[in-house]
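Structure first, then comments.
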Amino acid sequence: MNAIETINLNVYYGEKHVIKNITMNIPKNVVFTIMGPSGCGKSTLLRSFNRLLELNETARITGDIKLFGESIFDMDPRELRKRVGMVFQQPNPFPHLSIYDNVAIGPKLNRLVESKEELDKLVEWALKKAALWDEVKDRLNDPATKLSGGQQQRLCIARALAIKPEVLLLDEPTSALDPVSTAKIESLLIELKKSYTIVLVTHNMQQAARVGDYTAFILDGELIEVGETSQIFENPRDRRTEEYITGRFG
Amino acid sequence: MNFMDRFKISLLPFSALVFGIFALMLLVYFTNSAEIFSREGIKIYTTNIWLASEEPEKEFYGVLAAIYGSVFTSVIAILIALPISIAYSIFVVDFAPKKIKEWLTIATDIMAGLPTIIYGIWGVFVLVPFLKTYVMEPLYNNLSFIPLFSYPPVSGYSYLSAGVLLGIMVTPFATAVIREAYKMVPFTYREAIFALGATKYEATKVIIGYIKPAIIAGMILAFGRAIGETVAVSLVIGNTFNISPSLFAPGYTISSLIANQFGNAFIYEYMVSALFAAGLSLFFIGLAINLLAFYFLRRWEESGSRL
Amino acid sequence: MAVDYNIDARLIKEKIFIALVILLSILAIVPLFHILFSVFYNGLPVLLKGGINFLTGTLPPPGEELGGIGPALVGTFVLVFLSSLIGLPIALIAGIYAAEYPTSFLGRATKLLLQIMMEFPTILVGLFVMQILVIPLGTYSAIAGAFALAIIMMPYVAVTTEEALREIPSTYREAAFSLGFSRAQVVFKVLVKIAKRGILTGVLIGLAKVAGETAPLLFTAGGSTRIYFAGIDEPIGAIPLLIYQLIQQPYENYHQIAWGASLVLMLIFLAIFIPLRLKLREVRL
C-alpha cells in the first residue's frame, strides 16, 4: 500500500489554478522529493497533504488524497495532522517556549502521554531521533531561540516527531541553513525513512539527488515527471525535466 | 471543517456583545431624544434658547450655542496642533540625536495618555490666568476693534482658553499619526531629493507633500478628540449660552453642556431629552469624523503599499 | 561649477525653516514639563503636609483642614478592578475574533467598530450608562461606573490584542496546526502565549486609561468623599471625579487637596505607563 496517493488533485486560490490535475503515488518508507522552480506549486502540494491549505480561506481543492488508502477528506483534520508531521522552510520553534516545551507541546495538547515521566521519555526520544539530544540535553530549559539555525530546524523535526506521525512533510527545510547543518539534516532524513515516509520539497536538485529515493518534478502546477531518482536524473523522459536538471532554466 | 466553525461560534457571542452595546447605545440616544424632536423638530439644533421652567409648556431648548462652541474650540485646537505636530515630527525623525529620539516620543506618548483632569486643573489654575494676562488683555486693550478680540476678557474663561488647552491635548495624537507616516517614507526618496541638490527645507517640503493624506487623517482624528473632550473644556470655557465671534467670550460645548446640565435635568420635563438630542449630534459628528479619518488613513496606507 | 544665483536665498530659507521647526518643537514639549512641574510644585507640599493621612483620610469641611482622599483612592482601585472584570474577557475575545477572522464580514466590522469606539466621546458613554443602569437601579453605583469604564477600556484592549496576534508570523500558526491542534488550542495555547507581551501592554494601557477617566463617571459613580466602599450597588468615589468637583468649589483647602490628588493620580499613571513604554522597545519576535 502507498503512504500517500493523490488522484486528479486540483488546487485553486480564488480564480488562480495552482495545482493542475496531479495524480501520483508516494510509497512507504522512502524519501520522496518534490522539486521544481520557486512558485511552481510545490509548497501548495505539500500543504494539501495535511490539509493545512484550509488555513487559507481562498484555497479550494478538488480530487482526492489518500493516506494509507483512506481519503484524508473523510478524516478529522486534526487526526490527519497527528499522523502527518510537518517541518517548515524557516526554522520556527515557538519563541516563547523552552527547548523542552517546544517538543512537549504536541504530545501534551494531543494527550499522548499519561505522566511527566512518560513525557520526559518521549521528549528525549524525539530529540535523539532528530540527532539533537547530545547538543541540548544539558540545557533543555533554555529558550529555543538560543539555538543555532540548524539546531532550531532539528528541534522542529523533533517537535514533529514527538506526535508520532507516520509521514513527515518537509518544506525546503534546509534553504535557510548553512552547508554543515544541511548535511546533518540530510543524513538524518535518510536515517528516519526506516520508520517514516518522508516527503521533501526542495528547489535544490543536488539535494533531491542526494537523499531522494523517488523524485517528482513539478512545473507551473503540473506534474511533469515522477519516478525513481536515479532514473529522473540519469534518464529523464521529458525534455523539460532534462532542461531543468541541466540548469537551462529554474 | 466543523470543529473550526465550533470555535468561531463560541467566540461569536463576545463580538456580538460589542455590537450589541453599540446598538443599544444608539437606541438609547434615539428613543430618549425622540420626545424633544417631536416637540421642537429641528429647532433643537438651530436655535440658541435655553428655557428651563417648572411649567413644562414654557420649556424650550436649542443647543446651537453648544454646537457652535464645539466647532469653534476644536478648530482653534487643530490650528494650533497642525504646525506644531508637523514640526515636532520633522524634529524627532530628522534632527534629534539618536539618544533622545526615543525620549521625545515617550514624552508625547505621556501627553497623549495623561488623565484629562490633570490638563483641567492645570488649565484652570495656570493656563487661563496666563492667557488672560499675557494674551487676552493686551490684545483687547489695543485691538478690540477687530471682532475676534472684541469681547472684554473678564474671567479668562473663553473659547480661546478651551481651544488652546484642547490644542495642547490633541497635538500628541496628531503627532503620532504624522510622525509614523513621516518615518515610513522610503529612504530612497530622501536620497533622490537630496541628490537633486535640494536644501533640507526643500526636501522636507516634498516629503510633507507626499504624506499629505496622513496629515489630513491626523488632523481629523485630533478634531474628533477635541470635540469629544469634556471635563478639561468644561472647566475653562465658562459655560455660558453664547454665540460670539470673539475668542475671549465664554461659551459652551456639547459635551460641557451635558456635563453641566445633566445632573439637574431630571427636575424638568424635557431637558433630559434635549440633552440626549445634543448627545446624538455629538454621536454623529464623532462617527462621521472617525470614518473620514479612516478613509484618509487607508488612502495613505494604500499609496504606501503601491511603492 | 555652475553658480546657483539663488543659492543664498535658498540657504536663508533653510535656516529659517530649521529655526522654525526647533521653535515649534519646543512649544510642543513645554506644556508637558510645565504640567509636570505645576503638579509637583503644588501637589508635593500638600502630600508632605498631609502625610499618610492624605491617602487614607476623608474630605474635611471647607476651611483650613487638609484631610485626605481615601475614599476616592479606594474607589479608583475598586472601579478599575470591577471594570477589568467586566471588560477584559469581552475585549480579549473580540480582539481574538478580529485577528482570527480578518476577512470575514463580522471580523472586519468588529475591527472597524472597535476603532470607532476608541475615538468616541467618553461623556456619551456616561450618559448611556446612566440611562440603562442608574435610573432603573435608582442610585449612582460602583457597578454603573465600572460598566461605563469597561465600555471605554474594551476597544483599547481589543485593538492591541488584535494587532499583537496579527503580527505573529504565519509560520507559527502553520506549525501549530501541523501538530494536529484544534483552532482553540492553536489560538489559546500557542498564539496568545507568543503575543502575551503585546496583549499585556494593551491591558495595562486600558487600565491606565480608565484610571484617569472623569467624564464617564460624572453620572454613574456618583462620587463619595466620606465613605470608602459601601457595596457595588452604592455610590463610590474616584480620584479624577474628586478633582473635578473640588476645582469647582471656592475653598482654598479644596484646591490644595485637588492638587495633591492630581499628583497622586499622575504618579499612578506614570508608574504604569513609563515602565510599560520603556519595555515596549524590547518586545522581540
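Letters are used for the chains, namely A, B and C, taken in the order the chains are written, and counting of residues starts over at 1 for each.
Note that a contact is a pair of C-beta atoms (placed from the backbone, for glycine too) under 8 Å apart; a residue touches a chain by one contact, two chains touch by 3 or more.
Computed from a predicted model, the values in this text were never measured in an experiment.
Visitor: Please state which pair of chains has more C-beta contact pairs than any other pair.
Guide: Summing C-beta contacts for every pairing gives the maximum at B-C.
Visitor: Looking at mean CA positions, which chain is nearest the middle of everything shown?
Guide: Per-chain C-alpha centroids compared to the overall one single out C.
Visitor: Quick one: point me to the chain whose Cα centre is farthest from that of chain C.
Guide: A
Visitor: Provide the C-alpha centroid distance between chain A and chain B, rounded to the nearest whole angstrom.
Guide: The computed centroid separation for chain A versus chain B comes out at 55 Å.
Visitor: Any idea how many Å lie between the Cα centroids of chain A and chain C?
Guide: Roughly 47 Å separates the two chain centres.
Visitor: With chain centres taken as the means of their Cα atoms, state the distance from chain B to chain C in Å.
Guide: Distance between chain centres: 17 Å.
Visitor: Which residue numbers or ranges of chain B touch two or more of the other chains?
Guide: Touching at least two other chains: 3-4.
Visitor: Give me the residues of chain C that touch two or more other chains.
Guide: 182
Visitor: What positions in chain A touch 2 or more of the other chains?
Guide: Expected reply: 78.
Visitor: How about chain A: which of its residues touch chain C in the complex?
Guide: Against chain C, chain A makes touches at 47, 50, 52, 55, 57, 78-82, 84-86, 88-90, 92, 94-97, 105-106, 109-110, 156, 159-160, 163, 169.
Visitor: Could you pull out which chain C residues touch chain B in their complex?
Guide: Against chain B, the touching part of chain C is residues 10-11, 13-14, 16-18, 20-25, 27-29, 31-32, 34-35, 38-39, 42, 89-90, 93-94, 96-98, 100-101, 106, 109-110, 112-117, 119-125, 127-128, 130-132, 151, 154, 158, 182-184, 187, 205, 208-209, 211-215, 218-219, 240, 243-244, 247-248, 255, 258-259, 262, 265-266, 269-270, 273-274, 277-278, 281.
Visitor: In the complex, go through chain C and note every residue touching chain A.
Guide: Chain C reaches chain A through residues 103, 169-182, 185, 189-190, 193-194, 196, 284-285.
Visitor: Could you please specify the touching residues of chain B with respect to chain C in the complex?
Guide: Of all residues in chain B, those touching chain C are 3-4, 7-8, 10-12, 14-15, 17-19, 21-22, 24-25, 28-29, 32, 83-88, 90-92, 95, 102, 104, 106-111, 113-122, 124-126, 168, 171, 175, 199-202, 204, 221, 224-225, 227-231, 235, 255, 258-259, 262-263, 275-276, 279, 282-283, 286-287, 289-291, 293-294.
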